[in-house]
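By letter and in written order, the chains are A, B, C, D and E; residue numbering begins at 1 in each of them.
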């Protein structure tokens, strides 16, 4: 197919452009999250992420220590620099919180009660008041703040206590919880696709039906069951739980793929003397790689991002925390509104699944069956 | 040891599409049986039933006296070449061929040797490490053959195994198969083909399938020389036997028939009884038995409409005379090259020993 | 972690009570498992408090906090893997579990002790007493840590500059609200957004208004549904809330912004320049969501959400609190609850901040900030103290219909309809 | 033992155990229980073959039975009891539920979701799978489109807050409206009826990756020659796609559609975190969650309604399976 | 109008597996070109390049003077039968055949008519509503043929279209194809086959492919009678031409060669020059040209090892004498049935007009 002559460049262009369009459409929200993950909470609620690469004009408050008041005729005067010696560039300023941008830099702003305030671009100010200055006055000014990105959010998450353990725990949960259901489901799928027995149609129907069972229904009876047989809350328990919950989809996906394999190949193997077990391991399994890989991706994702099952089936002590629990209960906890942390957490937890996706994508190959039958 | 016995075997797809019925066949060890028959007559189906890949709807199949109807394919001791090749797409040619041997737990040397030998015979040496998708049609077919001949089963089932091979390879492979067969007198082979030469050269017996049943079983020469019915007569031999309507005018050890095309009468060595006189029959003469004649007693006379020079022989096509039956055209095959015959009118006759007589589709030779 | 911030025997703490526990128990090798709603910083503080129990008795304390505590505790209790103790943020859930036999009553005499040692002791006893499986009332919950709800947060600086005074009565508060509008400002920041729990801040408003417009007995009747939800009194209270929240001029972003602005984001309007609003009513925990570097007392302060002057209802205070209940008894658990009764257990958290207590025996000096002490005063001076009604109502109402009803109300539904809907829902669960 | 080591050990043991189970059980079946050498090998083998499917199915059925069927049956029983679980009220939970306005809204919305989300996600997934199929940077494009799949629902909700937020400084939509001069920010999540679609789009955004992966695997399984034949028959790319490719992967499309439908019937997180079911956006799973662990009777009753909703999809699948088995 | 011209066309798979190179071929409108060649020699590849399904690695393809290298398949005006059928599995036989017509927006009547006609010719009437998976191998192949012949393209490409058909159907279909061709004098047909008879009867010219290139192009009889090289000589004709090593002893218009097998000398009509005397050559004699002789001057004498009676002819196999080349066995084909010859020693010779001489693999007829 790649060899077909004379593919039209216009078509290729159209395809490329539409894909770019879709990718961008799909990416925009994620980019927003990525950008936000480098900003802190206050910034996030101050300006849109799309503005974050640009300097924005922001208002600030500078407190003037009333210490060095100078008497100048009838006026009490304070002079100084609002940046207290640091760098900065004032654009506009004002003397009241409710009107922080009353005057442009260099001008003099008349304040209430006959006070006045002058602020230069470089931050030098003169504050004059006819009355004695009792409370530290404030100067409000606007200045261009450069974009501010930091890795703080990531640091908070990555270097918080025991994150390494949580990471290892997560892997400990996900890997067996991905492999074992695939294995069990593959056998069942093979039986449902290629073995002849009474009640096959009914079983398929049951599997489809079980797809829809809400997890929440099963939690209490299962944990009870685990407690009864002595597994309790443990890794073994969560593997079994994920296996049970993942099976319907696994069986369903795999069976549907397997029935599509050419009958002749399987028959040929049988004639070659293969038992069902061998037909399965040597022929069907290798040829089902695309389906196995797809399901592996999804089961991995699901267990990786799972919070509920982890909380129910794992002990609640910190040593057994998986990353989602750690992030939800430990890091976010009282900081539920900290979008920066949430964003970076989302990005950190995206990394491994993406790696899995990339590695598994290799198995979604073309023409696996090519050349086998006429 | 592999005696195969089919008793009243029938097959219906999906409960109603009846494809085969009442197949009775006894195959003894060491035979090479060839199934022939028109496309879609059920050859592959029968093979697949013997292999156990298709449920036998009715009747019984035994191998060495053991009833096999319900025995799974792996336990029947068969090797099969599928019409569709059915290669394992994820295995190299080598692994495809070694698969059965590995399953049988053969030693690696044994496997290597067997695969090497088969690859050599089938000229696949240089493709051993390719995947099926990078092979040509014929190469794929050869892999399929290789896969079966590396094994040592009781019964071989070959479904049109050479259809995609070129002539010389075909001859070579055919001979290989014949030798393979010879070297294993205890195995039985069943072979489906459309190639007459293959059928004639390989078969110890040929089974002609037609109309859901068996039209005739016999050695190649029996079928060629003494076809039981018009169907077999026309099916065996290429181009097909010409059939001409005629009437018996004289009976006895040698029968004389009239030819409505003019040309008076001519003879057949098929014996008839006095009561047959006046019977309407079809006279069957193979194209290669047709000889031009100048005499009065010819079987057929007509203008040559097409000349096909094949090198070795030349085929002459005569437009269908009203008396010919079933085939629209009468064909004669003359040895050598005769390119300039188009448009000539020829009279043709045949050696009485090679003239067949059919009444109601059945050969007069087989009357009770 | 085990690091203890205060050396034993130093400071203004009641170390005597610590020593009593230490003398009475030797529980080495035993463990107390606790789950609760405190996570993050709060968990860290709690862990520090618990570490003193460990150092006193030798028993290990494993506390784990969860954001979805309500769900987790039900699952683990029902499936038989409950921890020893659970910290309930809502009496309602504890009552539910008690009635299903999932809780163990506290030791005899605890009720008397609470009555004697807690400010407004009887009300805390009542809040911790539920019917057990057999319908008999027993004391299940020991309150530890109280949240004060009736607070209005503001920026002293903004008030100062604008020349606003702290309102002493509800009437003054309303006048102030109008004044701010007149001067071109926006008085209130209100946000009800909270993911699945969206709407709960509004229930606090309604409860405050109930307390300020109706007698405490009415409030109690409302909580138990003796007074129907669609009673005119309740509707009036809802409309009092609506007077603030449904007025486009009163709230930042207009009335439509109220429903979906996250409650955690809503206070930041107080601190922006120019201010997006001047007033924010929220419980004592809210400073955790102020912008980084905000100093209490300096940049932000609070005043009591005042009562109507023309209604003779005193100074009602709305609060909430967490309570300990036994989900799985053990010797160490009993000891642990003794420790929780000791003043030291309260002081140790007071000294870390973010903690109020009704325990009368604690030394107020151990409050880490003046503002907390001031909140403590409000609590102490309350003429009427009432617990958050929604926390006492059945879950479907208090953590369901009431929430969504209030969202519907703020987005335009009429108070009558909303109240009627909630009452209908309530009817179906009885 | 460190959990990592423990994990590795279990993977080895678990996988080994599974393989061992299948291998040994087959071996025992063939060699011990029904040895083919007996007088009638055929019969014994056939007996073995009657048993074998169940050997293959046993672990799966045991796990399904224990982890799903048993709880479901238990739950159904529970749904016939009142809130405290003590009093048998028959279908009382169901009748009160159907009388509840909230339920009706959730049910209606859920129907919208069930119709729209699978259709849209499958459509986009198919589109992307096809467009990227032979593209040089197709794998990259696919990974980018897949990315939302890898984000947890909570993370996804956060992302979309940045799009939908009722504030031109945070929400992209309002920023764009602002740019075009709209004065007041609009809370799109409060726009009745349409807000459902804004929420649905989040799930579409996530699930497109799923559809894409599965469909792209299916597209790659189509025999090339049929496509070549169609090209020679004069089909343009659209015709090749709609008349040759789509019909051949119809089975997979059904699978994808079903899976997403079922997901729609289970996912409450998006509604839960975005609106908490307010503003008329409740759907059955989130409606169920508001009863879950409070009134199990009601919650399980909702669960059963959800299962009934999926019945047509089940039937459709069974039909498809029947057709294939022919 | 469809003149096809291939100039220096080459193909390498994956950049390095070179399959074809320097193919030069001129096909004029109305021709029916048959590609033959050993399995795997690149016939399908060449066809696919013409169709546009494989990129042309080097060289140029023009149809009617227009360069086609980069023209997409749909614009080339071709119809193709795939070696692997490539039926649309989700469409019934009828829809498979109608697909192209529907795409071309033909009217329903037209479509029905065209499909009906093709189905009739191919005996597919009763299967029109089945899906391909419920068809036999031959039926599938017929659908594939049907799919191409309902259209009216400039160029037909047939890749072994009859390989799975039985002999009579094959003959019938072959004739159909020939007639189809005749009825459309403006279309060109390229046909790949392994069947000699098909090649010989259908082709206006045959292209023999071998060793990545073209071994010879010519009319069927040219190839049969005057093969340019040993390869073509052996490839055309079945069984293959026998090659015997010999030495030229007398030159002139008629050449006399010695035969090392004893038997002295015998003649060939291939002319030679005096300088050729003493040259080592291979003498080529087709099996069908071998005649038994009692005389002294025979080409070959040996014991008959195998006898294959095919009915029409009998093939005699002689174990390879040391002097035979390339083929291990010498074969003679005698008309009629001779079953009792096994073990006899026969002397064979041939008509000088039918004796070919090859030196270094090339025929002496074609020397410059």
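Throughout what follows, a contact is a pair of C-beta atoms (placed from the backbone, for glycine too) under 8 Å apart; a residue touches a chain by one contact, two chains touch by 3 or more.
Predicted model only: the values in this text are computed from it and were never measured.
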Least hop count linking chain A to chain C through chains in contact: 1
Per-chain CA centroid nearest to the all-protein CA mean: D
Which two chains share the largest set of C-beta contact pairs: A-D
Angular offset of chain B relative to chain E [C-alpha, multiple of 5 degrees]: 180
Rounded Å distance between chain A and chain B, as computed from the means of their C-alpha atoms: 69
CA centroid of chain D to CA centroid of chain E, Å: 56
Between chain C and chain E, centroid-to-centroid distance (C-alpha), Å: 94
Approximate Å spacing (C-alpha centroids) for the pair chain B, chain E: 22
Per-residue multi-chain contacts in chain E, two or more chains: 53, 72-73, 83-85, 137
Shared interface positions of chain A, touching two or more other chains: 4, 45, 221-222, 275, 328, 367-370, 374
Residue numbers of chain D (touch at least two other chains): 49, 223, 228, 231, 289, 292-293
Chain B residues within the chain E interface of the complex: 13, 36-40, 42-45, 83-84, 134-139, 141-142, 159-160, 163-171, 194-197, 200-201, 220-221, 224-225, 234-240, 286, 288, 308-313, 315, 333, 335, 337, 339
Of all residues in chain D, those that touch chain E in their complex: 223, 225-226, 228-236, 239, 243-244, 247-248, 250
Residue ranges of chain C touching chain D (in the complex, touch as defined): 70-71, 74-75, 96, 99-100, 194-199, 253-254, 256-257, 259-261, 394-396, 399-400, 403-404, 407-408, 411, 421, 425, 428-429
Residues of chain A defined as touching chain D within the complex: 1-2, 4, 11, 15-16, 18-19, 22-23, 26-30, 32-33, 36, 44-50, 165, 168-169, 171-173, 175-176, 179-180, 183-185, 187-188, 190-192, 195-197, 200-201, 203-218, 221-222, 225, 235-236, 239-241, 243-245, 247-249, 251-253, 256-257, 259-260, 275-277, 280, 290-291, 293-294, 297-298, 301, 305, 307, 320, 324, 328, 339, 342-343, 345-346, 349-350, 353-354, 357-358, 361, 364-370
Touching residues on chain C, where the partner in the complex is chain A: 1, 33, 35, 38-43, 62, 64-68, 72, 75-76, 78-81, 83, 155, 157-158, 160-162, 183-185, 195, 262, 264-265, 268, 272-275, 288-289, 291-292
